[in-house]
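Shared chain: chain A. Partners: chain B in the first complex, chain C in the second.
Our next item is the complex of A and B:
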């Protein structure tokens, strides 16, 4: 794993927020987290990656951030369905960015969205994931990256 | 010619093949029909001939009466003196017609039809007809003679001849009429029997044809049913095979379309349904690269060409081992390895389809990869092993433990929320202190791999610190190196456990105790630093290094000793070419003294006979940090200036493998403050520098072992 690889996924998130009315998104200092205790907020959009290296990347955010984000996008309906769609959209942007950056050697799955329950996020237990905190307005979200074979 | 042969072959196939019975039956049907038709024709013609015969026989009856009538007409003409010629001519014509017709009936030959055309008559064949003809001839012979006498006689002789003829006619006319009538009836009866026979033949022929038709129908239907049953059975067997085989099987046509029948395993392998009729692209498009897909298509196109031997192009198959990634419901990819094989499927000698077999070779490939990975891991382990082989396993284990703890602390520092760039700067500094300590320890233990790694780590932190306003993502290279350090520590730990098992004795848990720092380790540290910098140094140890100190004090002593020794060798001692002109010995002297003044006070000093502190350079560095002004520093005594060495970021050397860039001593100062200890520096330009640490409280300190008490070595 190199910082450039991590940057590709972070750029995906930053790119998404740049399309919103409140563009300023801050990337916090990254840290490691044990995969036995995967970190997540209320809603998570997960993409699978395969190819020269494989693993999981997910964007996770609290409901408040996502609701606010929906409103800032002009969407008044902040139901769970819309929130899940939104988190999936962010994951999709990460996937799209990764596809463009890594080329066809890599396979990037369609995002899966989950609500709560970090136990549903399956990560190899003997590895650690990179957590990159992202702050938008006063909210905190995170991009979590776990890639093997890097 | 070829087509002719092909046609012949096809005909022969049909004749001797499964359709033989049907062909024979139909041929029989046609033969029967043709025979009936021909008999019909034949008998129809016969009946037509017989009809002519009946007509002519009927005409004979009429002629016999016209002859009588003509004789009477002639007699009347003679008696009335009328012209006898017309009746005589009529009589002559009648005689000739009757005679020729009777002859024809008797022995076959031409007669004259009613319209004057000649007509051939078969000789009457039935006995009754023959008898009638013979009897008629017996009467007709004399009758004809008498009549001819009449028509041939001249005017004078005619009357007597006529009288004779009339007399004969009167006697035989009715008999002759009856005989001609008999002949007619007989001929009619023959014709009628032929018609009856024809009807019979037609009836029998049609009956046979109908029976034959039903036989064909029955036979054909039975055969059709049988062949349907066989087809269904074959289909059922195919379905069963396709349902049970473990391989993915399907046929591809020239348009790369998948056949309607394919094995169930195919759906399971690709986690898709209803594949029949879809294209190869639809099946593989999302799973393999476009390049592989187009190569596969070109390869399949080659297989459809019958001028190319499939064995020759087998090696070109691009899908012999292909990695496909199938996304699961959990958003993860399931990676499988498939082996595609392509075989031609012929239909009547033509390449109709390509049979594609897909094998799941994931287990094999994974096993191969695992083997390769194990090999790679073994190689890496050997590398790790060679890097730690010289180290004391106990010291190594506790060092690794230290690394883990440091990594955890660094991760905690990283994790603390910090939004401002000042907070991020502080993060970087705090992390640097942790990393620098590990670097010092690894250097002391001679663990070059850790030394290199931590040095690289420090360089990254320097880059961050140089930024006026660092951002969160500037820490990305740092966290990547943190993970590397973690992994490396894990590898070394795994190796130390293995070594422990190998040597047959398990290492006791050290409970986080510091690796033992003895003269040998310190001497080796000095030697390495000196060697790297092209210097010569002799380390002298006076007194004994304390053991059994409380953890916090022990850490302080370690940090102080390591940092000051490194400083002494890298900043204090000059290179030989600098020392000799100054009248100093080539090898510098570094002295580590440990004295215990009372039961509760420990003093450790590190002295070097090097160049002493360059206060001017020190002032410049301090000014460069922005925290001090030159004017302010100019008023300071050397004693006070030397305290600047403990300020973070103030150093007289650039960051390198053997220097921390002003962090090492500041780290010591932090400890000194918290432990209630004191530290002092005394330096004389050109003569040397002495760092002294005083620890006011020493718990359970005891002297080190005797062999470590004194030692001197030339490095």
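Our next item is the complex of A and C:
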């Protein structure tokens, strides 16, 4: 995966948080992890990618970050249903925005939301993923990219 | 006052649009979670304005735009989607949408897009 490809997703994260919260978000240096030990926080929104690129893009965050982000959106209901909805929407927005760079053949699925880390069903064990660390307010989160064909 | 239906599979986005739309001009009459539900609610409420997500389960937004325009060719549909490639925007417009707003968006962008969408309808 090239630096330019990663930058597409980094720009997507920054755009999301800037538009949504008007607060600065910091993005750390991306690093590689083994899919047998996927990076994860409390909740994860997973987007399946198909077309010329195949794999998964996911956003994972602790409940505290997601609760705070909901409040920033003007949403007072921080129930688990809305937390799961939000983590899926963030993943969907970041992956969807990537089509501006990759074109309409970069097909994205509807989000799958889970508590904890993606399983081997979502992440092929023979591949590795790039983790993009995200820091917003005092919270840590991550966007994780596992793609073939880029 | 124009009647509006909001179509999005995310409860948070539906509620955000509902909260943010200028109530001086827009009256929210229906909220739909997917394209199939949207077709049913559209027939029941006949809103003049629809905000439409694209990536949804059951029936996606492009197919739903086509169905709604067949029912009422005068309906004003604003697509609100994270799919930010030019081809998707053109496809939505070709199928009958009248505007396109990319997620993420803020209140000002939403109301700007809605105002542009309904230009002439208030007269």
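Here are a few things to note about the model shown:
The working rule: the second predicted complex is superposed on the first by the 144 of 150 C-alpha atoms of A that agree within 3 Å, B and C clash if a C-alpha of one lies under 4 Å from a C-alpha of the other, contacts with A are read in each partner's own complex, and residues count from 1 in each chain.
Please note the rule applied: contacts are C-beta pairs under 8 Å (C-beta built on N, C-alpha and C of every residue); 3 or more make two chains touch, one makes a residue touch a chain.
A quick note: this is a predicted structure, and the numbers were derived from the prediction, not measured.
Superposition model on chain A: chain B and chain C are shown accommodated side by side without a clash.
Between the C-alpha centres of chain B and chain C, as seen from that of chain A in the superposed arrangement, lies an angle of 60 degrees, given as a multiple of 10. Residue contacts after overlaying the shared chain place A:54 against chain B, while chain C stays out of touching range. By the touch criterion stated above, A:130 is placed in contact with chain B alone, chain C being left untouched. By the touch criterion stated above, A:19 is placed in contact with chain C alone, chain B being left untouched.
When the shared chain is aligned, chain B comes close enough to touch A:28, but chain C does not.
In the superposed model, A:81 makes contact with chain C only, not with chain B. In the superposed model, A:36 makes contact with neither chain B nor chain C. Of the two partner chains placed around the shared chain by superposition, chain C is the only one that A:70 touches, whereas chain B remains out of contact. In the superposition on chain A, A:110 contacts both chain B and chain C. In the composite built from the two structures, the nearest CA pair linking chain B and chain C is 6 Å apart. Taken together, the two structures place residues 104, 109-110 of chain A in contact with chain B in one case and with chain C in the other.
Listing the residues of chain B that touch chain A in their complex gives 287, 289-291, 325, 327-333, 335, 411, 414-415, 417-419, 424, 427, 471-473, 475-477, 479-480, 482-483, 486. Across the complex, chain C is touched by residues 15-16, 19-20, 70, 73-75, 81-82, 85-86, 88-89, 92-97, 99-100, 102-104, 106, 108-110 of chain A. Interface of chain A with chain B (complex): residues 1-3, 6-7, 10, 26-32, 46-51, 54, 56, 104-105, 107, 109-112, 120, 122, 128, 130, 132-133, 135. Residues of chain C touching chain A in their complex: 9-13, 15-16, 19-20, 55-57, 81-88, 91, 102-106.
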